[in-house]
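First chain A sits with chain B, and in the next complex the same chain sits with chain C.
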Partner chain A sequence: MEHVSAVLLGVPYTLLVTVVALAIGAVLGLPLALARRSPLAVLNVPARVVIDVLRGIPPVVWLFIIFFGIGNQFVTLDPIQAGSLGLGLISAAYLAEIYRSGLGAVHSGQWEASSALGLSRTDSMVRVVGPQAFRVALPAASTYAIGLLKDSSVVSAIGVADIVFQATGDSRATGAALAPFLVAAAIYILLGTPLAIASRRMDSRLRMRVAR
Partner chain B sequence: MEIVRDPQTRTGSDAVDVRASAQPTDRLEVSRKGPPVVSLKGLSKHYGENVVLDKVDLDVSAGEVVAMVGPSGAGKSTLLRCINLLEVPDAGTVTVGDQCVDAGKEVSAKDAMRLRRTAGMVFQSFNLFPHLTVLRNVSLAQERVLGRSRAEADARSMELLERVHLAHKADTYPARSSGGQQQRIAIARALAMDPQVMLFDEPTSALDPEVGLEVLAVMRELAESGMTMIVVTHEIPFARDVSDRVVVMADGGIIEQGEPHQVINNPQHERSQRFLRAVTER
Partner chain C sequence: MNADLLSNWLEWLPDLGRGLQTSVLLAAVSLAIGIPIGLLLAVLVSSRRAAIRMPSIVLVEIGRGTPALVVLQLVYFGLPNAGLTLGPFTAASAALALTTAAYTSEIIRGGLEAVPKGEVEASQALGMSYRDTMRFVLIPQGMRIAIPALVGFGILMFQATSLAFTISLQELLSRAYSIGSSTFLYFQVLLLAGVLYLAITLPSGWLTGRLERRLSRHL
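Presenting the complex of A and B:
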């Protein structure tokens, strides 16, 4: 039982890092996705490079680079800030690709119908194509979010006191090799399941409304 | 929309006169019947090597219903899509109402939008917005483009849905409607912008023949109300009975045009004879 109370201390940090990283990713992913879709090489080539670099380097390496590199030399970042920023940037790359596939899934006739009605490109995106792309992207985005909840455990490597960090500490302090990690496993499942259920509900509700 | 059609322009021979009056000396003749609502001059479009439209001229006067027929690949749809700049022509000018766009010059997004607003478009695949209710489908552009209030837009939308006999569908999503109903909603959506001309791109081709009839009935009513219409279609009976002029296109150009019965029953051009025989004698 003492393992439980010890490991639970990490929950707020896990949630904090996950939520902040998702927020950063959700916002930065959008311009990245739009740039990636642009017919202009000056936009789509850099966007593609950024996405490939962000996804191509293991998250733990990114965190070290940001925390020890940028965090020490240029600006001071505490582990939570560095962890959220690092995971946020990586999330931006993944979410950009998810957005992009969502936008690509919307039939070109929707753009044409919007243009033919005289809607501006912005209106077409915001009112017509975007909401449909969102529906298509939602399952993939929520799968990513659930994945991030678990994979955020890499922030323990730079000293964020998340669930895994607490479990490791508890294991060292008590000498129990297995119990703290079983507790950690149970907590991740308890945190992840409601998210999965919520996303499934949201998806089927949206699906009902726009069944094709 | 409430254009009162001059009865004179309904007769086929007059329509042909208007069409033939490309020379400036005939301008007076044109203005007597009202200036052309749509005027295409030297319209050309190619994709790589493939010439889709080759210097096409076409004038359509107010209240006139023009049916465009011809084999696929003739350039009919491209011509229609050039009129509201869904395709940007490589050369020539497009005039709709008082909006003129010269393909030789840079076309600004603003000019393109203004021109599109004057032309309503109905697509083969309806292209309703699946995430919006039928009412919102018809109201959205009225609010965003014409600046109508939501109440104004919705009132106008209901009026138009009434007209296509689908007012009872207003609060449902398009997926709940049949193909024929969706196409009628699409017609209402285009009419809501108070266009000066309605463009139909094979509006019944995606529908089974029976359902297509209800769409054609709505289009017929629209034609009778005096709307200027350009209809790309394979529905020869519709072209014959409803249109004022049939235009036959083949290989990127207009090969023959004139009074519907004349063109359909007695085509002069060898290519139109072949095509019309294929569609009427099956």
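Presenting the complex of A and C:
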């Protein structure tokens, strides 16, 4: 039981890093997705490179580059800032691809109908295509968010006091090598499962309102 | 930077190259053990008998719900308590193989379900047993459909080998980190590590894209 209370101390940090990273990713992913979809090479080529590089280097390596590399030699960052920023940038790349596939899934007739009604491209995007793309992209985005909750465990490597960090600390302090990590595993499953159920429900409800 | 950076990179490259070999080997071993178990789980999860299906679903969900990092710590630090001590490489392969099995079982199940129902009906009409239908009809076609997703997962698994740094396996990241802590040139050496990871993940990513287009040609 004492292991449970020790490891639970990490939950707020895990949630904090996950939520901040998701927020950064959700915002930065949007311009990245639009640039990636652009017919102009000056926009889509750099966007593609940024997305591929962000997704091609393991998250721990990004965190190390940011925390030890940039943090020691350029600007000082605390572990939480470095962790949220690193995971946020990676999320931006993954979410950009999710947004892009959502936009791609909206039938082209929706664009044509909007322009036939005299809507500008911006208005079509904001009022017609965007909301439908959002519905299509939401399940993939929520799957990504659940994955991020688990992947956020890598921030323990740069010293954020999250679930895994507390489990490691508790294991060192009490000498129990198995129990703290089993508790950590159980906490991740308990946090992730309700999210998975909720997203499955939301998905079927939102799907009803997309034109095919 | 510039000339200085280049000469440093050339000096570190042999050491990091050995680390990269370890990372690639670890990923290969984990996938080679994990994917067959994933296939087995996929078949068990699709079983009609609840006594087989339910425990398999629970196993897969636990495997997918637990972060790879936690599985790694459990196997390396936890198992010695239960009387089983593993070296870093063995522990890392076992842990990543377990994660691979859980994730790929869902990918493979998706592949099996994508095989048209008529294939199974045709096999039954030909008098084939359930086992033969699986072995000769469903699994070969389902696996082919699953290949692009499996390669994509393989790339993620290769990235996940960097987690083995936490159990002091001498793979790419831990070698880069130890050079960083002795030279204080963390940024430069970690950047090189990042480039080496990209050297594997980017070409594999392009390969997946081409593979996907090629394999979907006849569907």
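Convention: the second predicted complex is superposed on the first by the 207 of 212 C-alpha atoms of A that agree within 3 Å, B and C clash if a C-alpha of one lies under 4 Å from a C-alpha of the other, contacts with A are read in each partner's own complex, and residues count from 1 in each chain.
Here is the rule we go by: contacts are C-beta pairs under 8 Å (C-beta built on N, C-alpha and C of every residue); 3 or more make two chains touch, one makes a residue touch a chain.
As the structure is a prediction and not an experimental result, all values here were calculated from the model.
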### Task
Quick one: on chain A, after the overlay, do chain B and chain C clash, or do they fit? Just give me the call.
fit
### Query
Of the partners chain B and chain C, which touch A:T168 in the superposed model: first, second, both, neither?
second
### Task
Tell me which partner A:R127 touches in the superposition: chain B (first), chain C (second), both or neither.
first
### Task
Once the structures are superposed on A, label A:S5 by its partner contacts, choosing first (chain B), second (chain C), both or neither.
neither
### Task
Would you check which partner chain A:A113 touches, where first means chain B only, second means chain C only, and both and neither mean what they say?
first
### Query
Just chain B (first), just chain C (second), both, or neither: which does A:S204 touch?
neither
### Message
I want to verify one number. Taking the Cα centroids, what angle sits at chain A between chain B and chain C, in steps of 10 degrees?
### Response
110
#### Entry: chain A residues touched by each partner, larger count belonging to chain B or chain C
C
### chain B versus chain C as contact partner of A:S38, first or second or both or neither
neither
### chain B versus chain C - smallest C-alpha distance in the overlay, whole Å
25
#### Entry: List of chain A residues in touch with chain C within their complex
52-53, 55-62, 64-65, 68-70, 72-74, 150-151, 153-154, 156-157, 164, 167-168, 171, 176-178, 181-182, 184-185, 188-189, 192-193
### Query
Contact residues on chain B for chain A in the complex?
84, 86, 109, 113-114, 116-117, 119-121, 123, 125, 127-131, 140-141, 144-145, 173, 175, 186, 189-190, 193
### Message
Could you list, by residue number, the parts of chain A that touch chain B in their complex?
### Response
107, 109-110, 112-121, 123, 127-128, 131-132, 135, 209-212
### Message
Residue numbers of chain C touching chain A in their complex, please.
### Response
61-62, 65-71, 73-74, 77-82, 159-163, 165-166, 173, 176-177, 180, 184, 186-188, 190-191, 193-194, 197-198, 201-202, 205
